[in-house]
Amino acid sequence: MSEHIIDINNLVKHFGDNAVIDGISLSVSKGEVVVLIGPSGCGKSTLLRCLNGLEPIQGGTVTLHGEPVIHGDKSLYKVRQKIGMVFQSYDLFPHLTVLKNIMLSPIKVQKRDKAEVEAKARELLERVGLSDKADSYPSELSGGQKQRVAICRSLIMDPEIMLLDEITAALDPEMVHEVLNVVLDLAKNGTTMMIVTHEMAFAEAVADRVIFMDGGVIVEEGAPSEFFRNPKTERAQRFLKTFTYTK
Amino acid sequence: MDFEFIKKFTPMYVEAARLTLIIGVIGISLSAVIGLLCALAKYYRIPVARQIASAYIELSRNTPLIVQLFFLYFGLPKAGIVWSSETCGIIGLAFLGGSYMAESFLGGLKSVGKIQIESAESLGFRRLQTMRYIVAPQAASTSVPAICANVIFLLKETSVFSAVSLADLMYVAKDLIGMYYNTWEALLMLVAAYLVLILPISIVFTVLERRLRRAGN
Amino acid sequence: MQGIEVLFMGNNMLRLLSGLWVTIRISLISIGFSLILGTLLGAVMTSKNPVVKAVCRVYLEIVRIMPQLVWLFVVFFGVTKLTGLNLGGETSAVIVFTIWGAAEMGDLVRGAFLAIPRHQFESSLSLGLSKTQMYVFIIFPQAIRGLIPNVINLSTRMIKTTALVSLIGVTEVLKVGKQIIDANRFEYPNAAIWVYAAIFFMYFLICFPLSMASRALTKKQQGGE
């Protein structure tokens, strides 16, 4: 757990005059699962988007294995192949079947062999329990199934790190589980991940490290057992309280 | 009804319809090319090109084809640009249609959500690849109904070509009415000719649209 | 390429403008009739009776399948032949554009009503409004709001289409332009380019603001929802 995959150094991101991320430094090591939590608008989703170069940043640096990730940069597409990202909304390509959704980028972007890619795609579908949906179109899938396919579509690129941005937030409650189980399975197999989620029980189960953000800064971080039982800061305590109902 | 008359002059209508169709096809194809270029200029916000495209679209959409044709056919020769009726017809139709096509293509491109582009980029697609594999196929199918409507609209607009002395269907009908006073026969053949020209296309497009709509759901 | 003076010589500009007024007048009258008849037709088209629906549909499709110019010819030449009385280009044009405009307007009205969500009707009634109150206070205001940009668009289409009346012998702006060009043939051989450019921009100056208004309204409505 020593090799750094991603290094974030003093990252600053503004939307207009509003500093959404106000100086964040953070490193993620190989095999580590980091979960970002915090109230809505605290900047955790924006942080993930900056890591993938989807947002221009106003200060600091993001590097993947020492290579800078810069929004709008010509060689950004090379770095991005090593970063898998799954979004909150279903973003499968609606004009392609499940199998083609997964196979398109390794074939077109990485120029890999079609037969090898197809075998790998089917293997991934098997792993997430969707072998029988290979030839379906996204419109024929449930939300949970779509998100599992989206995970496969990122995994097939052999990314060094997966970024999951509230991937269960738009799902019906009964589908949340099937998706989170896939993520837990990935964690067990040593996939490096950064996860933004509102599912606290899941966060506790999957994380090696929990980072609590508020107002664009890291307020508290630590091991999940420590954080969820004994949050040190008052802000974290208040946030965690909102998840329990008391009369 | 004078059937001898109809029989005698049907070949003239067929010839005129053929001319209308040829000019229509060329003009509409050109308008699709112009439309695509304008749509891309606006979609990618290419400086200068996008402003030119916008200005052109407004000029083209807010003036009648017949006025555009008069300018091309009677006006431009005074500036040393002399075009035949056929060329004027094609250019006029392309000028008019380009703006309608541009709006349809642009509508299709804009209908592809930002999230689609972001996920393609996250997978390492480059800009052109994103366009080719992700945006274009989706945009194409959403713009089909609008494109079809444009084709029919433009085909109907070809009826003003007679104004620049192109020997099209209207021209033949007017000629026959003026020469022989067989008004009913001439008009009947005119209506029939346009029906033959437009109805099949209209039906094919309706079926196509229905099929697309079903595939989309 | 001199010759632009022609536009400002004597009362030429005034003549062009009064030629333009001829087409605008035809458009305005036709638009007026279309609004009234189209609204009635639209109300009929929302009927659930399949026969009524089919008849309306057929009417709309027949009007739409032919170029407007063909209909102008049919009415202008055909009616004269049939009745022996000369309708004249202007009257023929008003008839054709009203038949066409009413069909399109009817379709727009129908669309505007269908676009109103069912629950608007249901919640109005459940609030205790009478049927009349429901239409007056809830349904019509929403339908009209959505209708206005489309009606403006239809009007610009009709204004542009009215330029065709020169082809059935109405002395409108294109004809006046030609007269001016012919009268100055020897002194100003290049007058044509300026005259037709002027007519081009006259139409543009009428239609462009209308298009802008329609777009601005659409944007505002979409943004407000």
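Letters A, B and C mark the chains as written, and numbering starts fresh at 1 in each.
Definition applied: a contact is a pair of C-beta atoms (placed from the backbone, for glycine too) under 8 Å apart; a residue touches a chain by one contact, two chains touch by 3 or more.
If you're wondering where the values come from, they're calculated on a predicted model, not measured in any experiment.
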Longest centre-to-centre distance from chain C, chain (CA-based): A
Nearest-to-centre chain - CA centroid comparison: B
Between chain C and chain B, distance of the C-alpha-averaged centres to the nearest whole Å: 20
Distance from chain B to chain A - Cα centre to Cα centre, in angstrom: 47
Centroid distance [mean C-alpha coordinates] between chain C and chain A, Å: 55
Multi-chain contact residues (two or more partners), chain C: none
Multi-partner residues of chain A (at least 2 other chains): none
Residues on chain B engaged by chain C in the complex (per definition of touch): 58-59, 61-64, 66-68, 70-71, 74-79, 156-160, 162-163, 170, 173-174, 177, 183-184, 186-187, 190-191, 194-195, 198-199, 202
Complex contacts: residues of chain B adjacent to chain A: 115-116, 118-126, 129, 133-134, 137-138, 141, 216-217
In the complex, chain A residues that touch chain B: 52, 54, 77-78, 80-81, 83-85, 87, 89, 91, 93-95, 104-105, 108-110, 139, 150, 153-154, 157
Contact footprint of chain B on chain C as seen in their complex: 1, 3, 65-70, 73-74, 77-78, 80-81, 156, 160-164, 166-167, 174, 177, 181, 189-197, 199-200, 203-204, 207-208, 211
